[in-house]
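Once you scroll down, you'll see the structures, which are given as structure tokens.
In what comes next, chain A is part of two complexes: it sits with chain B in the first one and with chain C in the second one.
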Partner chain A sequence: MSNIATDTMISLSPSGSQKFMQRTVPLIIFAVILAVIPVFGPSRTMYSLLNAMGVNIVFAMSYNMLLGRAGLLSFGHAVYFGLGGYAAVHAMGAIEAASYGDGGFWAGYPVFFLPFIGFAGGALAGAVIGWPSCRRAGTPFAMISLGVAELISAAGFMFGSIFGGEEGISGDRMNGPEMFGLSLGPINEVYWFIAFWTFIGVLGIYAFTRTPLGKMSEATRDNPERAEFVGYDPQKVRYLVFIFAGGFAGLAGGMSAVNYEIFTPEALSLAPSGMVLLMAYIGGIRYFAGPILGAILLTYMQSMMSDYSEAWLLYLGLLFIVIVMFAPGGLAGIFGGLFRGLRGDNPAASLRQWAVQITGIVLMMISLVTLIEMSVNWSNNYGEVFEPFGMHLPHDGVLTWAVIFIPFVAGVGILRKALKNKEGQA
Partner chain B sequence: METIVFSLLNGVIYGLLLFMLSSGLTLIFSMMGVLNFAHASFYMLGAYFAYTISEASSFWVALIFAPILVGLVGALVEKYGLRTVHVNGHVAELLFTFGLAYLIDEVVKIIWGRNAVDYKVPELLDFPLFELFGAQYPAYRIFTLFVALAMLAGLWFILNRTRAGLIIQAALSHPHMVGHLGHNVPRIFMTVFGVGCALAGLAGVIGGNYLVTDPAMGVQMGPIVFVVVVVGGLGSLMGAFLAAMILGLLQTFAVAIDARFADIFGWLGLDATSELGSITIASLAPMIPFLMLVLVLMIRPRGLLGDREL
Partner chain C sequence: MSVPALSINNLHKSFGPAHIIRGVTLDIEPGERHAIIGPNGAGKSTLFNLISGGYHPSSGSIKLRGEEIGGMKPFKINRKGLSRSFQVSNIFSNMTVRENVRCGVLYSMGYGYGFWRNVGNLHDVQRKTAEILESVDLLDKAQLPAALLPYADQRTLEIAITIAGGADVIMLDEPTAGMSHSETERAVALIKQATEGKTLLIVEHDMGVVFNMADRISVLVYGEIIATDKPMAIRGNEKVREAYLGDEADAIEGDAA
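Right, the complex of A and B next:
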């Protein structure tokens, strides 16, 4: 009876079962998916695609530690991926040399644990480069990261003994002691290696977001001044987060080193840095699982769509711009909204709204794809013509322009109407 | 002596080209806070437009109409793209222009092909203007110099001596106050963005046949433009001019210097056959801008003549 106040207070913290549902179950599902995939007996191409996805998932997640969690826009994250990867490749070389030579430390080091070396390399690079970069957030940070990326990738081509010049440095993953009975020779064994480390990477990054440092990184993103008043130095918080993000990028680099057995200085340059930015943002930077979606989609597009269309980068750019303009939550935000709508009080109405919007988007896509593919075929000048579903669509055909204009106008009309309805409801 | 004079001339011209390219971005960046990633893509558009127009009519028509076209494209991008993204903050704007750069690069590849186009110096200017130390100096380079100087003078006149320029200057430092005074700030923004892109387009018309017109020209110039703007400082055209000149001269001289690290640091025992010793100064030239960028951001975040920090 003495403390009524505390007795009657409603606890706002999640209950044990809620914690389990929201935090542990998704990770278990993720692990199960990773473990079940080989049951379906994927082909070799599928395996190499899956392996690339695993590497990119960890890379994009590590990038999101900066962009999504800490609010730091970096144009040079591939530097840490690359330096970690180079550390791993050199370690792989050391393992090979040691196992054929006089032994020593490296002879007993399994290739399976090379991502640790990658993590160390990436974190070390982050620790060296991070301190001057993390003084300010925002545009200065973005510009320093850009400058550093250009400097490091230029240096990559200059120091041949470390980076191997144009042809890079290659290694052999089938040396040293075997772990878990995996020789890492055939690609399905490499899959287990990638799956294991993808899970470890995601788990590690998730664990990081639960630490006080992870929470403080979000606080300094939202309000650095207030974080400073509470007694945390924003620069220090950013710096520590930067080191960890560099470390996890290096982990992904280590995975990539074992997967491809080669690293070239291109891995350090602006192009992969831009790609990881696209992955994280298209997936959705405000959601933990967002970058996973983005990494899966972009890796798929990169390897599959580039076979179908030369203009796949154009589609990628369009997708990115549409996401930036109309869906800042990314794919994860779109799925989240869909899910919330279905569980809301009027699932039928929200489903209808979604159907209308999707119709509009599909119509616009038909028009855009026709326009782009027709132009690509025409500009190649090989006399080839875009022929989807048996239709013949040359650049000067009436039908072509009908297929371009009619769906476009219809799509714009439908989307505008849908937008108006939405505003009317709100 | 010969090397010095030629490097000086070429450096000044390259610097002026850089200034033409980045002056527009300085205006845009100081006013709207948008570091336009696609700025160099507008430069590329300028070169390609000029190529197409000069094929159809002449270089002189292109010199006038290509920048105007690029400016119109820029204004449309601002009105229908950037303005929508603006509410989500500067990072979203930066990302939007980042995607736009991808888009423009790909569209250019589709329309004009993946290889360099044959965008030539006009015949009227295709002659050696004078002879220096036995080498002929092309007239087109001097023409570039004059166009850049004319642009600099025109920009200075418009910004400092006309009413529109004064409003723009006011909006640079106090956008809200200008809005309160009844000026249509979004329209000023659109105009400045359009004009900034047009200036990049002009640089493309001039630079496209001075250098080379291919789909990679935007990507090559993109980061260097940022260096000029950041090193020059926010809100300062003079700073951008200074930074562009320093960069142009440094890069040109670095390329001209025929020395290795071993020649300079030989007294420290650096061997010419070692990896570090065999690096030439010329190969460092592409790194100079970024070294400057990082150093300036670390030591003096406001840039050379900037009036506020980034």
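Right, the complex of A and C next:
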């Protein structure tokens, strides 16, 4: 019996090479990508975009510890990001004061390791706030998180010495001992700092999913009643996970504190809390790497699309609605489906299917973008007109409405047909 | 005489004006297989929930090996060595079969809420998981997502999770409900084997299963136990026949015949 069981145990758990391929290789690829980016000599703008992405990747991953892994919908995750970030900014101030003053503990603390302070700050905030709010899951949890977010963001404008009022608290990252020869002055050195902590953050969150607590967090999400009857207190599982999620959000806050050298109360408010939800969901909450994709895409949209169009928030909202309705697996789910299709029995057919769907989506996008841009220009009353590719599209032009209606009808038609085909095959 | 595995004394439960459990007294010996039967609405599920911690007793006591457990939280009762299954399949549906059983094993092996260990490296947990899967004959389906299992296998998995923690008092709530005849036979054999040497408390509608498995049977009617006895004696009991009208009475007599 024990022999058979030992053999089967070996065959049950993934083999060493499987583990390596599925777990270690993706992490190595991630590290290599982070390390190789500077070789291409990114511009300053690109560096600041990359740094923002790094912060948001860790932030979105920490959020998904709650939403994806524990099934807890939080509307106030920026609270832990912000409180961790404030802790780091204050520590940065202490380092500055100590290195010009009489030394002490902070004089010897490298700015490079401020994300630790952020983690501690976020985890502490999670431990205090999570105590009452993790008693219930589901809607009560979501409501309490919203209330807490409102409370803390209001407090952000009240306690001046902690949050610095509207100007926030600023610091100087070029103090204290240097680590790895990085002065953290120029932005490309900050990149190495961000890349290091992005990797540590992702690695830490991944390691957490492999622990007994991480597994039971998924079990509690699926079936809290059953979790109770295998010896676990669902409240305690949620509470512990909440502390860790707060800690990793605080880590991202610490990264942000060093990157921007300032923290303002806006960082605690509902807007970033909503943004991190969008990042995680659009990226795909059921996939470990989903929030990474979401963070990259949304950070890009946030900083780049706002240059092209003042209506970019509308596009973000549209994207979110489309994902919720048609691709609940998010970007990761879409890529996963594409990958499975290509490796399936009939890659040509699935490729064709994808081409048709993308054509339909692009047509609908042409129509919607035209509608939105035309409307925005018209309602601004500056006399400006939407003029893509040399076309002149005023609100009362026939061509404008043709560009809105024809692709829309064609796109809907194509997508409906594609959907029918899919059902026919299934 | 040894301490009963489970001892219920004058247990009452009311929901507002509805008096569901009206003074149940029952001792179950260690190693005994005990079945609770009764017409619909007799309070069998309520009694189960009271014992396993789902409900708070209104009055009376429930003792597990002499220790009072009435009103304790389910996870505390579970840690004391009492485990239960559910009438509807109650599994971790987004996990694989193996992960499901592993969740049942973790706490009992002392890994609790650990966040400093990699579950992949817990060889004792892997071994125990494999043993449990083997004992319920689910090894070949170990890597399947639990939600994709056929119904009968989900019920089996439910039992596997229930016994995984090594509890010595096992409560099964209608383990064969909704199963075909052959599936039921398999399930009964499996339950007998998997709960060997343990105390078993079972609620079941299938009289064949009850009379086949139980050492003793209690009949619950309107929140009271009207008879507790060996299967043969229950068949001949006049009060039990009165309580069961129509088809179910035929079923009891049919089995007796």
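The criterion applied here is as follows: the second predicted complex is superposed on the first by the 416 of 426 C-alpha atoms of A that agree within 3 Å, B and C clash if a C-alpha of one lies under 4 Å from a C-alpha of the other, contacts with A are read in each partner's own complex, and residues count from 1 in each chain.
Heads up, the rule we're going with is that a residue touches a chain if its C-beta (ideal position, glycine included) is under 8 Å from a C-beta of that chain, and two chains touch if they have at least 3 such contacts.
Everything numeric in this text was worked out from a predicted model, so none of it was measured.
By the touch criterion defined above, A:Ala227 reaches chain C but does not reach chain B. In the superposed model, A:Ile144 lies in contact with chain B only, and not with chain C.
Once the two complexes are laid over each other on the shared chain, residue contacts for A:Ala219 go to chain C alone; chain B is not touched. Of the two partner chains, chain B is the only one that A:Gly317 touches; chain C does not reach it. In the superposition on chain A, A:Ser43 makes contact with neither chain B nor chain C. By the document's definition of touching, neither partner reaches A:Ser15: not chain B, not chain C. Contacts of A:Leu240 after superposition: chain C is touched, whereas chain B is not reached. Of the two partner chains, chain B is the only one that A:Val376 touches; chain C does not reach it. Contacts of chain A with chain B, set against its contacts with chain C after fitting on chain A, share not one residue.
On chain C, the positions that touch chain A within their shared complex are 52-53, 73-75, 78-79, 83-84, 86, 90-95, 98-99, 102-104, 106-108, 111-120, 122-123, 126-127, 129-131, 133-134, 139, 142-143, 161-162, 164-165.
If you check the complex, the residues on chain A that touch chain B are 71, 73, 132, 135-136, 138-140, 142-144, 146-148, 150-151, 154-155, 158-161, 270, 274, 277-278, 281, 311, 313-314, 316-318, 320-321, 324-326, 328, 372, 375-376, 379. Within the complex formed with chain A, the residues of chain B that make contact are 33, 35, 81, 84-85, 88, 90-92, 94-96, 98-100, 102-103, 105-107, 110-111, 113, 223, 226-227, 230, 275, 279, 283, 286-287, 289-291, 293-294, 297-298, 301, 310. Only residues 1, 4-6, 8-9, 12-14, 19, 207-208, 210-216, 218-219, 221-223, 225-233, 236-237, 240, 244 of chain A touch chain C when the two sit together in their complex.
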